[in-house]
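Shared between the two complexes below is subunit A, which has subunit B as its partner in the first and subunit C in the second.
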Partner chain A sequence: MAEMVNLTIDGHEVAVPRGTTILEAAKTIGSEVPHYCYHPGMSSPAMCRLCLVEVEGAPKPMPGCVTTVMEGQVVNTQSEQALSNRRGVLEFYLVNHPLDCPICDMSGECNLQDYVHDEGREHGRGREPKRIFGRDDFGGDVLFYGDRCVMCTRCVRFMSEVEQDHRLTVVERGNRSVIDTFYDEGLDGTNWHGNIVDICPVGALVSKDFLHKARAWDLTHTPSVCTSCSQGCNIDLHTRDNLVQRIKPRENLDVNAWWICDHGRHNYEWMNRGDRLEAPVMRSDSGSQAMGWGDALRALLEKSDGGGSVKAVASAMSSNEDLGALKALVDAMGGGEILYRSARAEDEVPLRGFPLLARRKDLSANSTAADLIGANRVGADDGTGGLDEVSNHDGIVLVLNDDLADQKEDFGNNASLFVYLGTHDSPGAAKADLVLPVTSHAEGEGTFTNHERRVQRFAKALDAPGMARPAWLVLGALVAEKGEGPAPRSAADAFAAMSSSVAAFAGITWDDLGTRGAVLNESVSVTGD
Partner chain B sequence: MAISVKLMHRPEPESTSYLRAALSGMALTFKHMVNPTKVTQQYPEEMTDLSPRWRGTHVMEQHADGRPKCVACGLCPTVCPANCIRLVGGEDDQGNRYPIVYEIDEFRCIFCGMCQEVCPVEAIHVGRHFENAEYTRDRFVYDLDRLMEQDHPSTLLWDPSDPSSE
Partner chain C sequence: MSNVPFKNPGWAGNTGEFDLTENQIRGDDFVGERPAHGGHASGAGTMPYMLSEKQPDAPLFEGEYRERLDKVLSRYPTKQAALLPALGLAQEIRGHISPESMDEVAEALGLSPAYVRGVATFYTMYNKRPVGRHLIQVCTNISCNLAGADDVVDAFLKYTDTGLGETSEDGNFTVIEAECLAACGFPTCVQINSRYYENVTPTEVPKICEHLKGQGE
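For the complex of A and B:
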């Protein structure tokens, strides 16, 4: 336990570990000191001069982001002097800031907008023309509006300290200083530069992908987990009109801190696909027949009786609950093999400044859980092949969320019953005897298990189309019909059912997961790789 | 409490005449015919005076080169209490933010004028026009071109001689 220091901030007595900055100590009593250059994930140059606070006994205001607390210190962050400091500093920022909020993408989540609204002067006094830089394309996904920049240099420090690829710098001095790239190199080829758009406190760095797409106040933020690799970065899905508009990182110091990679950031279009399966469809010699869920599940149970042995193809993109329910159903049908396919990248893409985080080789969100339920990974590293045995299987074939795009036309022709649970219209859905529409990752609740066996929850961000239902609900109902326990009513029920049947998940409850996730018991070995 | 019935004592029809009442009524009518201070408005032959703050259907202001003044900031759909404005922003070939889609459903609009009040670039206005007739309902959803074609004057929202509405 670190040595604690007692001090008074805004009249509240607080005790914080020695070495804590005043700014962080003030956060513990809920007093937010405005700041630009300070970011908890990077060094503090104390150059924005906005976090100046009044320390009693000190001859002049102290920058809260670098001044560490001292025993008996009395700090005022909201006193007359502190407020007048900030009002003055903010007025200096507005000398050159263009006030183009109506056309700025940051409007609504801009720190300058918020601070000036809260504490700034009501009217500007500037008469001189503002300096004009115009717009610069930094390469990659980033546009730079130099006029809006407040010179906090968070972006420069992110590239040099966190990504450790020195692509940005400050050129010129004083009034003319501006962020720039080296020659024409730009940000192309870097893998984490999307984060500089997140940490920019104003609208100087904006995403090309999100440019003019939606206003910040129209977006609904839903906590979720990235599906682009097995790292399991915590993200927020920003949605509007039932479409995902962008992905932003969500802070979790155990997994991804404040950062996510550019690949994951831009991999959301699949959640907005329109070619969805919307109703259960039974296919027979006389044609296709759409039906309700009750009829579809009854038909499935009827046909599966005496249908022979089961082979299942799972997807490593499915949640723990879906995989657990699939495993339970396969067991209830007499047991059988579960296979899954998962693409692997050649190399990891590490983030040098935060060693816990890398874009992992395993490009599926949930291969760990697939391994833990006893599924076997098959196929090549590009996620294709390996299903020849299932293709010719003469018993029951269950496919969950694998589109089977690489499979031949005769996949499942020999099967006594070929059931396909999927989200999108796909080659697999075109061949199956029974097609059951399930929800996608963004449309349901659930958990993923990441590469270090951390189980993390994600929430429902979009409304599912038509009659699509979560796979755990469908599979759980079938398991219950087979007489193996009650049908799950919520993702928490499905998780509880899984943790009671899969050894590795034993002892972890839905409530343990919280917002940070919980790591599974290490002693249980993983099958496969 | 028992229901009481009030008996009306009307004159018998055989013993009375309505002639006097009819004549006095007609006298009033003819008096108004020649009344110099008549108040009947001859609408639509004669247009009535509208208040300077009258709020009718919308007008989109445009630049000299025909581009809409709107910068797609999204404040009017945000402030609109009837939720009748649909806006999709984008960037034109000169790098300016502009509305790709800007639609106002004039049926749903309640003509509160808040879109005009909130507009930072004075692009959208409520106009001094109220005589709208169309053959189909969907013609009442005004798109951007239609809003820019409107040539009626826009409202003042405030009376210039009384800006603080006292």
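For the complex of A and C:
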């Protein structure tokens, strides 16, 4: 336990570990000292001068981002001196700023806009013409609007300290200073540069993908987990009009800190896919017939009786709840093999400055849970193949969330019952007796288990199309009909059912997960029950 | 004593205060030579020197210049710390620091080219574009400005028939403005290559330029 230091900030007594900065100490009483250059994930150059606070007895204002607390210190972040410091500094920030908030993507979540509105001068006094840089394409997903830059160098430090590829620099000096790469080199070929858009406190670095797409205040933020590899980065899905507009990282120091990779950041279009299955459909030689869930499930149960042994294809993109319910249903039908396929990248892409984080070779969100329910991985590293036996199986075939994209139309031809649960139709589902629409990861609640066996929750960001339902709800109802326990009514119920039946999840509850996740008991073997 | 036809040519001796002439003390080459290997390691990395002949296409850090760079590196704890003198060497050889030179310096020191660009552009004494044989930097900061520095700039531009930063057709002159040269007591101060000309007025400008033309050829 670090030694504690007692001090007073804005009249509140606080105790923080020795070595804490005033800025961080102020956060503990809910006081945000305005700042630009400071970011908790990088070094502090103390160059923006916005965090100057009054420390009683000190001869001059102190930068809160680098001044560490001292016993008995009295700090004022809201005194007349502190406010007038910031008013003055902010006036300088506007000397060359183009004041183009109405066309700036950062508007609504911009630290310059917010600070000036809160504490800046009512009117500018500048009379001189502003210097003009215009904008620069940095390559990758990044556009740079030089005139909006406050020269905090967060972006430069991210690239040099965290990604550790020193592509960005401050070029020139004084009022000609501007952020740039080595002439036309750009950021192409780097894997984490999207983060500089996130940490830029103003609208100087913006995402090309998001350019003029939505206003910040129209977006709904929903906590979620990235599905693009087994790292399980914590993210927020930003949605408007029931569409995901962009992905932003969500802080979790145990997994991804403040960062996500560019691949995961941009892999969201599939969540907005329009050609969705919207109603349960029964297929036969005489054609397809849409029906309600009750009829569909009754038909399924009827046909499954005496249908023979079960072979199931799961997806490593399915949630723990879906996989647990699938496992329970397979068991309730007399047991059978569960297979899954999962694409693998050739190399891991580490984030050098934060070694816990890498884009993993395993490009599926939930291979760990698939393994833990006893499913076997088949197929090639591109996520195809390996299903020949299932394709020709003459018993019951269940397919959950694998879109069978590489399979032929005769997949499941010999099955006594072929049930396809998915988000969209596929040629491989042509012979399915029942096609059941399920929700995507963005449309439901649930959990994933990442590469280090950390179970993390994601929330519902989009409304599901038509009659699509979470797979755990559908599968859980079937399990209940088979007489194996109550039907789950929430993702928490489904999780509880899984943790009572899959050994590796024993002893972990929905409440344990919180917003940061919980790691499964290390002593339980990976093959589970 | 002075054989120079204007009052303050950058050498106090020419005002008659000393017996020694500038020639006797340091030669009258306004641009000059110094051995490519740089002499002793302690001096090998000092300020870029204006060579009378620039070689924009010469290889950097080969032969004697490689030896010189190694001497410079031996004086610093890390390669990164030797960036300024390494850029100085590049400028001495080629006369200016082009993007290609930055890239080569980055390569030689194991730094990223972007970082080298940041450093090279921060310092105004690195020429980012080719300059003439004589680089004329006129201080236009407060004191000199009050004493009429703008007119001095105009006079140089008129004589050399160039715009700011351009090189005259004969390759002799490039005129730029400089921030304070720390000679505020002697406005207008003009730095030509590595020497100061103080109390310069527009009428002396042609004489100075004529004088320079006879130098370092």
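We adopt the following convention: the second predicted complex is superposed on the first by the 525 of 529 C-alpha atoms of A that agree within 3 Å, B and C clash if a C-alpha of one lies under 4 Å from a C-alpha of the other, contacts with A are read in each partner's own complex, and residues count from 1 in each chain.
By our rule, a contact is a pair of C-beta atoms (placed from the backbone, for glycine too) under 8 Å apart; a residue touches a chain by one contact, two chains touch by 3 or more.
For clarity, every value in this text was computed on a predicted model and none was experimentally measured.
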Superposed partners subunit B and subunit C on subunit A - clash or fit: fit
First (subunit B), second (subunit C), both or neither touched by A:103: first
Residue contacts with subunit A in the superposition, subunit B compared against subunit C: C
Touched partner set for A:388, first subunit B, second subunit C, both or neither: neither
Which of subunit B and subunit C A:410 touches, first, second, both or neither: neither
Subunit A-centred angle between subunit C and subunit B, computed on Cα centres after superposition, in steps of 10 °: 90
Partner chain in contact with A:211 - subunit B first, subunit C second, else both or neither: first
Partner chain in contact with A:185 - subunit B first, subunit C second, else both or neither: second
First (subunit B), second (subunit C), both or neither touched by A:172: second
Nearest-approach distance, in Å, of subunit C Cα atoms to those of subunit B in the combined model: 27
Subunit A-touching residues of subunit B, taken from the complex the two chains share: 71-75, 78, 89-91, 95-97, 120-121
Residues on subunit C engaged by subunit A in the complex (per definition of touch): 99, 102-103, 111-118, 121-122, 124
In the complex with subunit B, residue positions of subunit A that touch it: 101-103, 107, 135, 211-213, 215, 217-218
Subunit C-touching residues of subunit A, taken from the complex the two chains share: 160, 165-173, 180-183, 185
